[in-house]
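Given below, in the form of structure tokens, are the structures.
What follows is subunit A paired twice: with subunit B in the first complex and subunit C in the second.
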Partner chain A sequence: MSQNISKEKVISLKGVSKFFDGRKIIDNVNFDIYSGETFVIMGCSGSGKSTLLRLMTGIIKPDEGNIFIRGKDISRIDIEELDQIRKSFGMLFQYSALLDSLTVDENVALPLREHTKLDENIIRIIVKMKLSLVGLRGFESYYPSKISGGMRKRVGLARAIALDPYVVFYDEPTSGLDPVVGGVIDKLIKDLSAKLLITSVVVTHDMQSVFRIADRVAMVHQGSIVKVGTPEEIKNSDNEYIKQFINGLPEGPIDFFTEDVDLFEEFGK
Partner chain B sequence: MVTRVGRFILDIFKGAKGIGSLFIQIVYWIVFGPFKKKTAKLESIFYQMGFAGLRSIVIVFFVAIFTGIVLAMQSAYQLEKMGAVIYVASLVSISLCRELSPVLTALVVAGRVGSAIAAELGTMKVTEQIEALETMAINPIRFLAVPRFLALFFMLPCLTVVGNISGIMGGFIVGSGSLNINPYLYMQTSFKYLELKDVYTGLLKSFVFAMIIALIACFEGLNTTKGAEGVGRSTTRSVVISFILIILADCFLTAIFYFSNI
Partner chain C sequence: MNVKEERANGVLVCILEGEVNINTSPELRKAFDEIIRNKESKVLVDFSSVSYIDSSGLATLIEMLQRLKRAGGRLCFSNMSQKVKNVFEITKLDKLFEIFESRQEALQSL
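Presenting the complex of A and B:
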């Protein structure tokens, strides 16, 4: 458990629900994330974990309930106020989402150029510092299409921490990467949260990663929170959903088939 | 069938509402952005002007010059019978400046630049780049749509002037070459009946066409869904809708200019 965790609530979700086309994707979700902790949201594909992340970053608004970021309800504020809060966010996207038309250093410098009045020389120094933090120097003038997936993730991370945010959201940070690079990204997440006292919210289904980085874990299934606990509590849980998920078992309460249709019946026999 | 027609009409209204809202937001950022110290970056506007304007000159030149050549030959075919072949010059210059050059240039630019904008913004949308801008508190309309809108707004009329000149040159080649009209007389007749209003009504049209191309391309790009297939669909839709709206707007504007005697 990290030493930097305080009891200050950075993010609070209270009774949050979200519907898409009449289907309830997020169902009455409640949890708090504390300052300095690494909070991991895990669940199967389509369980609603990425939707939770998009709700917390204000990209979509909840249909029911409230989302508080440092006490401010982001589901009830206008876009200008939300943008003010977003300046203290960082987000690492699943596929990095670097702007293709900008080079590595221009991508990292983008939030600084847009939101600060810093001199261009200072911006250049900050960009170098941030790229050093993620261990990526010498690629400043490369375009995102010319570097590997792992490097792109690290550039995305450098961009996410460019404005010294207090929360960084990670959407599947290790997916699509080989185990070594995945381990490097996990170490970076841990290091950044220790060095920069960042609160990290990570959405993933990579179990190795969960147990490496998490201070607390929330298991999501069909839009609901099954359990919130420490990695130890999750590992030792008797909950059937959690057991099936962490052991990757095909049999169990998590059903991967939408409906059991009798083929003979379907073909009219 | 009825539901399909109903859905089609509903889609048109939804699209019109979305494009209207995009237009208002673009105008808002152009007018009020400087007061908030949040403007589109100048280098971005210049880059887009280079892409939309400078790099379209060659295709506009070729389209206009050949249109001028064809127009001169076709009108000479009729006018020769009346012994009025000299009037090919003024016919070419007036029809190009008033009508053909603004419309053809707009169609070429809609195909070349509008499609590129829709595809670029569409790819950015499906690869989460637009979402990334939003989470960085960077308004995608200010950052992406405004420079493209301004670039097209200023460059399309310039390209139309290039089209006017190249078209008249095309007519001149036919007139002084195969129709044996004295080159000096040809040029004199070209501009004798060409009034200033013929040129500026054409340019006025091109400003409207530029707005249509930019709005449709940005709207389609920013509303792309469903991955690579969606990008293709947005690109096609942006070109098809721009073409239809350019012709429609041309019809309305010509009617307005005609009936108000401009």
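Presenting the complex of A and C:
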């Protein structure tokens, strides 16, 4: 897919910063995501990658900078216009976020019932088509609690593509899954991107997943982009943050003990 | 999207123009309702002027196929651009529908 990265910019972040309680959580982030590519944002917990996802999907607004979706600055538009743009997004949440009181087919039908005026019979057919794309025909009447975690992810994916989005955002798509099922979900993400020409934006800290699916990778640390590159460039990078992260090393510039409280100081006096 | 109708060798030819998407597919469905009411049994859909079709458009065609089959009729398609044909292939609907290169070939088959 990387040979096709000369296409339309689907998402552009320009000088994006975000503060929470006076703390800079996202610091001057710039990158472009192109049509049809799978763009992976990787980083440790608390690095700001999920905040970037929330910024790109318009859930929160940047305090500085601009976020363009197909040329439209979503940080400067009203809620109606934003809702309109968000209808063309698909979103797969970390824990699939299925409604337990609804069956598999009702979960997939939800965005169609909420955002369109399509006839029920047409919605039923679309749901079957989407479930077929994720290999889940025959499970329509099951409740989410009766199927496995991997299957729930697939239902979440079928729901994410229900409205034929041009971009799908994935929040930790393989978290909580065993490596084999994680591999199946990765393959599905890749297949759907290729078949449906969907742009995929994936937030993850699963290194196996990164190298299986990414066309390009952005490494985030403390709210800043350390590097954007192809998986090969990331693998071969000399950057100490990247080397520590991709090899899972406990020692390195990424400090996990930011508030090193000396117990003697605390209790010994 | 527009739906134009012509008749050729006893076959109703529907010529679709524009995008068949979530906003326009209900219009196509209405046109199909009318065709079913008129008890047409052989229908050919000409896709030569269709630039895009989404899932709601595909679902509308599937429903029409079911309705025509139940009534003992036939539904054929012709003149798809490669882009539109790809959508049918990805969803494996190319195996469900009778798709012909040209209107002439489709009419011969019907």
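We take it that the second predicted complex is superposed on the first by the 261 of 269 C-alpha atoms of A that agree within 3 Å, B and C clash if a C-alpha of one lies under 4 Å from a C-alpha of the other, contacts with A are read in each partner's own complex, and residues count from 1 in each chain.
In the analysis below, a contact is a pair of C-beta atoms (placed from the backbone, for glycine too) under 8 Å apart; a residue touches a chain by one contact, two chains touch by 3 or more.
Please read all numbers here as calculations on a predicted model, not as lab measurements.
Novice: With the two complexes overlaid on their shared chain, look at subunit A and say whether subunit B and subunit C clash or fit.
Specialist: fit
Novice: Should A:L118 be classified as contacting the first partner (subunit B), the second (subunit C), both, or neither?
Specialist: A:L118 sits against subunit C, while subunit B stays out of touch.
Novice: Have a look at where A:M129 lands relative to subunit B and subunit C in the superposition and call it first, second, both or neither.
Specialist: second
Novice: Would you sort A:I77 into first (subunit B), second (subunit C), both or neither based on which partner it touches?
Specialist: neither
Novice: Between subunit B and subunit C, which one contacts more residues of subunit A in the superposed model?
Specialist: Partner touching more subunit A residues in the overlay: B.
Novice: For A:D164, select first, second, both or neither according to whether it touches subunit B, subunit C, the two together, or no partner.
Specialist: A:D164: touches subunit C, not subunit B.
Novice: Please work out whether A:L102 is in contact with subunit B alone, subunit C alone, both, or neither, and reply first, second, both or neither.
Specialist: neither
Novice: I want to verify one number. Taking the Cα centroids, what angle sits at subunit A between subunit B and subunit C, in steps of 10 degrees?
Specialist: 90
Novice: In the overlay, answer first, second, both or neither for which of subunit B and subunit C A:I60 touches.
Specialist: Neither partner.
Novice: Pick one for A:C44: touches subunit B only (first), subunit C only (second), both, or neither.
Specialist: neither
Novice: In the superposed model, how near does subunit B get to subunit C, counting Cα atoms only, in Å?
Specialist: 14
Novice: Across the two complexes, find the residues of subunit A that touch subunit B and also touch subunit C.
Specialist: none
Novice: Using the touch definition up top, name the residues of subunit C that touch subunit A in the complex.
Specialist: 22, 25-26, 29, 54-56, 58-60, 62-63, 90-92
Novice: Note which residues of subunit A are touching subunit C in the complex, please.
Specialist: Counting only subunit A, the residues touching subunit C are 116-119, 121-123, 125-126, 129-130, 132-133, 162-164, 195-196.
Novice: Which positions of subunit B touch subunit A when the two form their complex?
Specialist: Those residues of subunit B that touch subunit A are 123-124, 127-129, 131-139, 143.
Novice: Going by the contact rule at the top, pick out the subunit A residues touching subunit B in the complex.
Specialist: Result: residues 57-59, 82-84, 86-87, 89, 91, 93-95, 97-100, 110-111, 114-115, 159, 169 of subunit A touch subunit B.
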